[in-house]
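The structure that follows is given in the form of structure tokens.
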Amino acid sequence: MNKITHENIQVGEIANGLPLTIPVYRLKGDGTGPRVYIQANMHGAEVQGNAVIYQLLEQLHHSTLASDITLVPYANPIGCNQKSGEFTLGRFDPITGTNWNRMYHSHLSLVDSFVAEHLDSPLTEIKEQFSAALVQATQTLLDRPAHSINTGKRIALNLQRLAHEADIVLDLHTGPISSKHLYCPEYAKASARYFNIPHVLLIPNDFDGALDEACFCPWWALSDAYKKQGRDVPVLVEAFTVELGSQEKIDLTEAKADAVSLLSYLSHKEAVLDSSFKPQTMTRYACMLQDYLTYYAPMGGMVEYTAALGNHIKSGDTIANILRMERYLSEQPLHSITLDQDAIAILHFASASVNQGTELYKFFTNYFEL
Amino acid sequence: MNKITHENIQVGEIANGLPLTIPVYRLKGDGTGPRVYIQANMHGAEVQGNAVIYQLLEQLHHSTLASDITLVPYANPIGCNQKSGEFTLGRFDPITGTNWNRMYHSHLSLVDSFVAEHLDSPLTEIKEQFSAALVQATQTLLDRPAHSINTGKRIALNLQRLAHEADIVLDLHTGPISSKHLYCPEYAKASARYFNIPHVLLIPNDFDGALDEACFCPWWALSDAYKKQGRDVPVLVEAFTVELGSQEKIDLTEAKADAVSLLSYLSHKEAVLDSSFKPQTMTRYACMLQDYLTYYAPMGGMVEYTAALGNHIKSGDTIANILRMERYLSEQPLHSITLDQDAIAILHFASASVNQGTELYKFFTNYFEL
Amino acid sequence: MNKITHENIQVGEIANGLPLTIPVYRLKGDGTGPRVYIQANMHGAEVQGNAVIYQLLEQLHHSTLASDITLVPYANPIGCNQKSGEFTLGRFDPITGTNWNRMYHSHLSLVDSFVAEHLDSPLTEIKEQFSAALVQATQTLLDRPAHSINTGKRIALNLQRLAHEADIVLDLHTGPISSKHLYCPEYAKASARYFNIPHVLLIPNDFDGALDEACFCPWWALSDAYKKQGRDVPVLVEAFTVELGSQEKIDLTEAKADAVSLLSYLSHKEAVLDSSFKPQTMTRYACMLQDYLTYYAPMGGMVEYTAALGNHIKSGDTIANILRMERYLSEQPLHSITLDQDAIAILHFASASVNQGTELYKFFTNYFEL
Amino acid sequence: MNKITHENIQVGEIANGLPLTIPVYRLKGDGTGPRVYIQANMHGAEVQGNAVIYQLLEQLHHSTLASDITLVPYANPIGCNQKSGEFTLGRFDPITGTNWNRMYHSHLSLVDSFVAEHLDSPLTEIKEQFSAALVQATQTLLDRPAHSINTGKRIALNLQRLAHEADIVLDLHTGPISSKHLYCPEYAKASARYFNIPHVLLIPNDFDGALDEACFCPWWALSDAYKKQGRDVPVLVEAFTVELGSQEKIDLTEAKADAVSLLSYLSHKEAVLDSSFKPQTMTRYACMLQDYLTYYAPMGGMVEYTAALGNHIKSGDTIANILRMERYLSEQPLHSITLDQDAIAILHFASASVNQGTELYKFFTNYFEL
């Protein structure tokens, strides 16, 4: 039985003085594997990751561990508990509207001077030192006077500090109503085959504030910078956003399957030494981020979503019917919405009521087998 | 083809001066059947009733109509459009918290003087005159100075005025995540067999602000008052709240089935003269309102709902698992919640995240075959 | 220096397992004075009462105390921390819409049997025993299975249990934008002169779910029940809702003045033995609850509030201008709203943007000098 | 009397099919002055600009106009009407959290090819043609298929199209609780002296999604691009965000003063030919955008704001007291917050309840006389 330790980290305070804390669970490996960081529930309604962490812990405490593994459920103590009607309004700070997963910090500015100083350092030293530099730079941001850090940034920086201590970062999210999909940096495409996830989004080296980007962008930029200096340094860290399905749902059976999926990847990376975790045989489809199509509601109305998630839509297929009961007599009350290209339906909006311009669907277009 | 007419009724104004209107559709029968009023979407997230009205209109314009039928989709123009995140926060006035379906007016005070004045009037006169009195009293409330009527009351009174013009009132709602069920006044139990709805809540003559109650309570009290005077006058109006299933969903196929269910009842009442609409053979279960059990979350946490809606639970069955990841090491992280009596699961909360005391489930207990 | 003790009472749990607690401060008197309970911030935006409790504690720890005094700031740990934009959306449960100050329990059902059993008991025994019965009955409600108590009820019952241990209950609230006023049960009218509050609402013995009512209604009903039995038992408990001014504001200077106002009343009741706390000389105006006029916005629009709070309005005076910029050309863009009776403006809505039917003002009408 | 025309422009549709429209008022000048565009209320709670437009219209219909003037009150029909409690939650899209004033489009990509094509064109042609290009490019964005434009973008683009038809753009906003201040592009510093606004923020040529930036950035970039080609073309358009004071308030008297302030600037620009509108003599303070200090709450708690807005704070001055009633005994309950540099307090948060990291204040630092 592996020992699991538990610590609560304070990441803020609310109006009545209550401390905001996040629970951090840790397991120690034999030190030979890549360090792993897994968090869940940064967006309040996206709870299934907590169940996946539960199922991971159930597996990990009797697995053979090469790696130190840190797991953080309930990563966002504000988002987790923000209700508006039955719904968990945890996607953005309710005061400012800022998306909780757009407040991580870009440490790209560290890259050039690091490369200059470590031009000929051995790879292990580069890995160790740059990781330490990222942790340190994050801690320095947290050590600034309290009045210079906003609420979401403080939560994000505390999580990011933990994440920079790892070589593998998995941020567990869900879509609104969604099929499983994986945000995968282009350089880590080969790793995507070890997750039991049929849809893979390949993302470029652009920082937009999310945890996965905050973790892989500096390492990717580092690799590029060495390349400019004529040295070939691989990207030494992998970071993924794992989209587990739909929000507002806990399914322990599915969570176990997802835990096995993550363990398959972690076994491949030799973090967990357990040969029983093998990836499923499945066709995996990939899509470049610029081909990931957001389809907005072309009119306000009441929507029947007809495109099954994960399904391959043909150009001309109906993807939704929009009901407009205020025009039953004057015009056509029912509008059939079609897509004008082939696509895979990945997720759709969580409500049937939409304004014109509400994000209705997201589609893989120009997709290909991975 | 029956002619359908359309009118927009103004029920308010919002801050930028925009009028709030509701669309009213009307069909004329030959005058021999009971007048019918059907509305939908008083609670903003409960949209499926609009689709049912769509499917009803599709049927009704080529049916043989004995009755005048009035149909009001989008009954609440504020609730309909109130978004909070993806969710339609349309259960209560966002300013005051008042449930939109608790603002109808009780006209019980009209009963005693009416009976005194119409002690020996023929039944048709009682029906006609009391209906007119209810309409008139509602109009009088609306005619008060504008500064004496709050936002929700003005919407409710406008709808109630239309409803009092009918002999049959159907208010189309949905639960959060829910099986189909019917709120049926006890005296109309026999009618419940004509809806294709397996679960029937029998409600007493208590006014709690809802449209069905506002419509049947005065007539029920009228019947009781005549009884006290030694005269047997049946309850001359039937009003039901029809719970169509889950909120935030449009399903046109299911809506058609529900339209057929309503037409079965309307055929039975000889409002629609179409012998093809027959109730399905099914076991219908009934439950007295006082036996309708609300089960609150006994602890805060992340909930896996395991009781299938419509299912008959046995005492001791697990109805939910509650995950508590903050106590993975210190205590039991997974709590199995059981019910200690036999029951039918009717609906459950729409989110997996609950506070201690959040309404988790509603159950029929002490249920019986109708 | 009086000793102050501190205890945290758990009143719930939220979705991530965090316990909801309220801080309870207690001072001990010499046992000769009436026991006192003071709470603040049951509605989340109404924070000034916390500052008043702060200033009270600053005074009380060097006052001469005859009474045990219990003080509860931050009474509602959910409402306190519920943000929606900059605003603290703490008036109602964000899930259900239920007003947090309408969930206390009526123990009126205890009265008749108590009187039957204690018909000839001495007054001190009546006081002691009925108080114990109220505490016990509240505790019994809390001891029911966790699944039978909703979130707000659990918070309310925990507070109510503390309040029933006292002979004097002060619930500190604020209006939206408001002058100071006092909700005072009619029987306690004489006590209202000891608060430095110029506006007094006299309320009848009707239970509507608020803490003051939950505390005084049973005692008032007890007094009435004894009267029916021919015995004169005074109402032995006093409970007030103290409206301190406007929400979303902390003013420590004003809080000190309000603390002095409360201490003036507590000195009069011989809870605090300090002759320096005397009521200010001021004209106090009273209004019966049924004359407390809610004035709803007669149209949607942008409101300039022109009636100064606390001011005595004459019939025909303009109380607001409503701007309607969408009709600048078509109709009159600026509407002057007048009141058609004499009144004192007590409070107005917190925003300039109103729907038709939004609560614009509350007025004392038919007011009189106390 | 100048003729005012009125048009409603549709900018969207909501869930019940209702069109979203904005009112557009227009006056025609003699064609000799710069075209003027003024809008208000893009953020829902910031209503005072509507009153300023009202007062402007009252002045303008009997002024001598050189310019065509377009005025748009209620610019955001969703934000305007989004209530959450009493508060108008109109700063961001309630579904996505996106700030309504960050969705305008940057047309910077037009600049280079335009300069290449119009290297030697006369100034009037440059002005006319580039303005037309901006209008055209905005229209082209709006003409894309409806499913490619989100809700906020559609509103923003409709407004931006109107704004690009003008040479002077004034976007009327307010802060939460705020003194008057002006966002002024650095190149237009001289114009800032003609507004009666004592605080001027000088902003660089960076696009962050706001209307003023969308309007001036392309022209500023155009000027820079010509400079690179060795030709001196001034920035031909001026655009300002005018912060009128506090949100959620209508004050018609103050609005008249602000209308006069805008007319003083418009007279200076010879848009309105009325010599009576002169700027007030006052000391105007300026601050570079990078010196505009956001001061976040260093702890959660209840805040008494003590820095008067517009006041010049000295280093070490107390700007707020933060009350922490949960630690009355254990620690210091009242924290005095000081600023460690000289500053002018421009605005503060609208609520006394803050989380750690909530934006407490904004200050001008390193300010100087304009």
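Lettered A, B, C and D in written order, each chain numbered from 1.
Criterion: a contact is a pair of C-beta atoms (placed from the backbone, for glycine too) under 8 Å apart; a residue touches a chain by one contact, two chains touch by 3 or more.
These figures come from a predicted structure and were not determined experimentally.
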Pair from C-D, A-C or B-C with over half of its contact pairs in common with A-B: C-D
Longest centre-to-centre distance from chain D, chain (CA-based): B
Intercentroid distance (Cα basis), chain D paired with chain A, Å: 35
Chain centre separation (chain B, chain D; CA means) in Å: 47
Centre-to-centre distance between chain D and chain C (centres being mean Cα positions), rounded to whole Å: 41
Junction residues of chain B - those touching two or more other chains: 14-18, 74, 80-81, 83-86, 88, 91, 95, 302, 325-326, 353, 355
Chain C residues within the chain B interface of the complex: 12-18, 20, 78, 91-93, 95-99, 145-154, 294-302, 324-327, 337, 353-360
Partner chain B, residues of chain A touching it in the complex: 4-6, 23, 25, 44-45, 47, 50-51, 53-54, 57, 73-74, 80-81, 83-89, 91, 176, 248-252, 302-304, 321, 323, 325-326, 328-330, 333-334, 349-353, 355
Partner chain B, residues of chain D touching it in the complex: 14-18, 21, 74, 77, 80-86, 88, 94-95
